[in-house]
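First chain written, first letter: the chains are A, B, C and D, and each begins at residue 1.
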Amino acid sequence: METEFMSASGTIRQQRVGRVAVSGVSGYAGGELARLLLAHPKTKDLAPLFVGRMIEPGAAQTTTTLAELHPQLAGAAGDTVIAPFDFKTLVEEGVSLLFLATPHEQSREWVPDAMAQGIRVVDLSGAWRLKQAENHSVYKLVDANPETAALFQAEAVFGCPELHRETIANARLVANPGCYSTSIILALAPLVRAGLVDLDHGIVCDSKSGVSGAGKAPTAKTHFMSAADNLSAYSIFGHRHTGELLEQLGLTNSQIQFTPHLLPIPRGILSTMYLRLKDKGTTKELETLLRDFYATSPMVRVRHGGHAGSHLPQIQYVVRTNFCDIGVEVAGDGKRVVMVSCLDNLLKGAAGQAVQNMNVMYGWNESEGLL
Amino acid sequence: METEFMSASGTIRQQRVGRVAVSGVSGYAGGELARLLLAHPKTKDLAPLFVGRMIEPGAAQTTTTLAELHPQLAGAAGDTVIAPFDFKTLVEEGVSLLFLATPHEQSREWVPDAMAQGIRVVDLSGAWRLKQAENHSVYKLVDANPETAALFQAEAVFGCPELHRETIANARLVANPGCYSTSIILALAPLVRAGLVDLDHGIVCDSKSGVSGAGKAPTAKTHFMSAADNLSAYSIFGHRHTGELLEQLGLTNSQIQFTPHLLPIPRGILSTMYLRLKDKGTTKELETLLRDFYATSPMVRVRHGGHAGSHLPQIQYVVRTNFCDIGVEVAGDGKRVVMVSCLDNLLKGAAGQAVQNMNVMYGWNESEGLL
Amino acid sequence: METEFMSASGTIRQQRVGRVAVSGVSGYAGGELARLLLAHPKTKDLAPLFVGRMIEPGAAQTTTTLAELHPQLAGAAGDTVIAPFDFKTLVEEGVSLLFLATPHEQSREWVPDAMAQGIRVVDLSGAWRLKQAENHSVYKLVDANPETAALFQAEAVFGCPELHRETIANARLVANPGCYSTSIILALAPLVRAGLVDLDHGIVCDSKSGVSGAGKAPTAKTHFMSAADNLSAYSIFGHRHTGELLEQLGLTNSQIQFTPHLLPIPRGILSTMYLRLKDKGTTKELETLLRDFYATSPMVRVRHGGHAGSHLPQIQYVVRTNFCDIGVEVAGDGKRVVMVSCLDNLLKGAAGQAVQNMNVMYGWNESEGLL
Amino acid sequence: METEFMSASGTIRQQRVGRVAVSGVSGYAGGELARLLLAHPKTKDLAPLFVGRMIEPGAAQTTTTLAELHPQLAGAAGDTVIAPFDFKTLVEEGVSLLFLATPHEQSREWVPDAMAQGIRVVDLSGAWRLKQAENHSVYKLVDANPETAALFQAEAVFGCPELHRETIANARLVANPGCYSTSIILALAPLVRAGLVDLDHGIVCDSKSGVSGAGKAPTAKTHFMSAADNLSAYSIFGHRHTGELLEQLGLTNSQIQFTPHLLPIPRGILSTMYLRLKDKGTTKELETLLRDFYATSPMVRVRHGGHAGSHLPQIQYVVRTNFCDIGVEVAGDGKRVVMVSCLDNLLKGAAGQAVQNMNVMYGWNESEGLL
């Protein structure tokens, strides 16, 4: 199966659709991505490539396997080798899409090279998510070629399929959203876009994430003794994902207050959001608005509330799925609103959403390989 | 050591100061209370009485021991017998203070009887905390003698020593605050009382509590499989502790929004609070305000923040202590404020605060037996 | 697709192979079974039936959905209705295989009725696992028709595909093994069958299981406060799974000592086994023996050890998979052996193994729908 | 209060009894030790000294406080400064006892220097616990002065007060036992010393420990994601604590098999032990034997079993106490025995036992400051 795409910056070369590669499988999101692609009906038979370091000229090419990095993947899939690579080889191997589950700096450096070879990219880092300089600056990235970088930054599509399905379909570079951002944007976008929210009053987003969100590096913060039986707030007024909220929801800094917390669980995010309506509304009206907004989005589930709250989203309901669950409650005064959204930070917040973007980019069923 | 108190409703009889009794030691808060009183320098040598059901005329008087209810208390203290009782016996035994760690209904029924015998009471239930009918009604309590009940309700002192130290000292009936309420009131009171908070804008209180707060009864909610690796919001716009916030902070319902969440940990509460200042301020100014407010309060620790947040309160720092830790951060605009407070829901949120109230009622060092 | 089986007790009627039904989906194992069958390539398109209570004559037929019982299954599959049933209806619907994830008593009662309708059964309870009266008696089951029950008990096949693949293939009644038993039998069977173990010396099996093994009923034991941050041994010298070990390994009561423990985790079992070899051996030899024994068993992974133990089985490697991982270490004296095995008690220890048995019964790939 | 001790190697200088110092308070055991000594009735008023690095000539003397290392200790005690030190200063300050919560190598180096100044030492490391070369060699320690080291090694007393109370009382150097070892030795010693155990058959010790036992350094093993929701065995046939078991119980290597496991909890150890009696016995007889053995030992609790096992030791019953709980069950054959023991690895397994040793060394009540 061959195909050809046109984009602002030129032609995407003919490649085997569905032959994909991943760089950065050693981390938690990368491991999940490998697992998903090896089981995905459209990609599993085309042998997804898992690639590690670049090939250094003259260096010994040591290899490792998926199962050595992620012992739970042992079995047939676990024998898959992590190969060194260069972009030319990827092209020769017929790779049409590259997932980067790499550090921000590496993603920033590699994307232009991948593009030069006509390979489409879904980047899971924060390197290409932000358009505005003041938001982007938190990543302190340095570009070898600032002009090229600026071009790609302008072209990059924010990979939230529920909001940007059409542009993602034809994108060469998809910037996969942050985990916290996804949980907040999906809950708020329908109300904000409908103009219902009193933005002058501002929105409070109190988010809580499991420890996998802090990465695989052993640190004092990720030590079991620090994280277990604990809860802590961090990065108050200063978390990197704030810029995504501002740009995607069209807000200013003073209109949204986002505070992340570290939960003593392996995975899952719950965001509790507080806002006021411009005009009076009811829980039922907002639920209907949400259901309509996501009527054609298979990975969002609108949960029915009730003041007991027993049916509101819970982390347990979404962990190890690609769903984002959303619930809403309006106070008796018809003005004050509480929203709750949940997702798995490694799936809908990272690897699962990346696969969902791939599905959209290739015109497959959006939830293919994700249910 | 004998003493005599005068109160609005009459004289408290001469009793041995420090001979105390507890009803309701089978629950988590009751167990902690027993543990504290058995180790407290002022009460341990006077043999605290632990009492269970009322003596039914003619019934067999079965007894159990503390260690049978709480195996971790085995050892010398664990042999302490839980005795049946009536109020007359308590008086004859020289008991001057009764802790009620009993259900709301039972506390409501027993307090008048204890008062009739001149016994002071610290009640850990919600039965006597609220003054205003619309707040109180959530407990749906029925009084045999509404007039007497109304008198005691008027007399009851809200047992937050940091705010009501003087009235607690002479109180006959102290209503020990709720766990969530304590964490929120202690953080907000200094700012609200100083008139710094833009109340029209409203305050958001996003609180998270460990499972012991849900009580000892095995339910679907407290099943390990429901609570572990999970987080859920509940009682949105409807939690019983809201009334305490309104009355203690002098707010109206639309000025404060409180949402509790169930954390997958045994104990500990963290509350994150969002508010706006009327006039611009700095983190340092608010920290100073808090430190001054609590300068003579040994059980409150004001934590120094910093945008990294590493020194903000964490649940781990307060669990198994009677401290409430408070931290504050002001945004760059000088208006938006985030506060974080933590406490152990079974100690500063229940049994520890009850002992602190006892210390104040008897004129002892406020932190006696609590450090 | 139709087929016909002959068995000792008669003919299995022609039915659509792959149309399956499950009774008992409200529990943890039943929920996992529903999830697996709805995604299984061979069964998902034939609409698995999920059935609850028997149809009482004249009773209102209330229905519920999978998602109401297991909110994490919401989405397309979650709308599946749990229907009341009788066996005749199952036959009319073309059901050829019934999974019973029901209490022991109910499984004992229903199996003869299912058989009478020519429906094959995989029973996840303990009702049909044991052949010997003294082992079986722990379940205290009462049969309406003891003779029929005895016939089925004799015919029932112990559903461990790695040991009884051939008889399972043609079985009408498969008794799915216990979770602890599976973890122990799979580790020990290769060595015991090869006659390597000094049985006079005896075998110690120290097993640890997550809380889902204790069932969904809220009890003091399954309360988060009892289970979290804890570990406890239970049923010493008296656990019901002991009989399975004796019968499957051909041991006497004094030759094996099995002690279960309750782990503070949702799912997963780790068994540590201690034995002595009759003749000297090495870790490598035993690993080879295990690998050879399981060469054609896709759901067993033999892990390579090393005295550091870093590659021995861990619960984390098997949770949410149908694998049983096994590792072995021989002491320097060539005699003392430690084995470690791990599995997910709800999958390889229950629902996953049931699906594996279905695969064998229908002649499908043994790991179909399980990778 | 001054005193004078005689020991094999000379006189202990006159010092203020009760003035103690701790080196190594930054770790978990050191932090617990600081907490205990600051609240201990006999030491708190003498200002325990907490000391860090040696004073380097000419180096700037930076100081830190307890609360900076252990934020939960903030409050009065938290302001205590961690001072640099040399041994001469300790003597001048009147320190009579030094606790070393330092790495094995540092303890090995410092003990001779402390002794030279007449300061008694309780060492929490493994540096001085073992008498036999083949057991001791696992620590790979290098001595500057092997002869002196050998002398102190011979003089060091294994700090298990329940077994060596008398020698500890007069010891200059107490080697505080390992955490696993304490849990096993206390359970087995009464039966082994009474000659009841069939040693030829051998003893199996299957132990499980919380993560604090792995130390404060962030590693892949102690990362929350590796430890949570998991269980793993490690150091099979090779754990360092094995030597303590051999020496204290008088066994040979083939007579005892010890396997540690890493539990997903912060603290606590549970050891399950399997042995056979030479002659038939009953649960009641062994319980009586244990109770008699520990009749004068306040920190051991013998739990009463019963086949339901509900009263056997559980980790929850001992965590944050200095108790070691022991339970025993004998099989129906009167020969096979299962024992279960529990303790808190940071208290009875480290800091608490160190304080208990101090109590014995100074002739105080053995449980002083520990209940």
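Brief remarks on what is shown
The rule we apply is simple: a residue touches a chain if its C-beta (ideal position, glycine included) is under 8 Å from a C-beta of that chain, and two chains touch if they have at least 3 such contacts.
Computed from a predicted model, the values in this text were never measured in an experiment.
Chain pairs B-D and C-D differ in how many C-beta pairs they share in contact, with the greater number at C-D. Two copies of one sequence, chain B and chain C, touch each other mainly through matching residues, since over half of the numbers at the interface are common to both. Measuring from the averaged C-alpha position of chain B to that of chain D gives a distance of 37 Å. In terms of their C-alpha centroids, the spacing between chain B and chain C amounts to 48 Å. The distance from the centre of chain C to the centre of chain D, with each centre set as the mean of the Cα atoms, comes to 43 Å. Within chain C, contacts with two or more other chains are made by residues 226, 229, 264-266, 314, 316, 319. Residue ranges of chain D in contact with chain A, taken from their complex: 28, 211-212, 216, 218-220, 222-229, 264-266. Partner chain A is touched in their complex by these residues of chain B: 201-202, 204, 206, 208, 226, 229-238, 254, 257, 259, 261, 263-266, 268, 270, 272, 274, 305, 307-310, 312-316, 319, 329, 331-333, 335-336, 338, 340. Contact residues of chain C toward chain A in the complex are 39, 71-72, 74-77, 229, 298, 301, 303, 311, 314, 316-321, 323, 325, 371.
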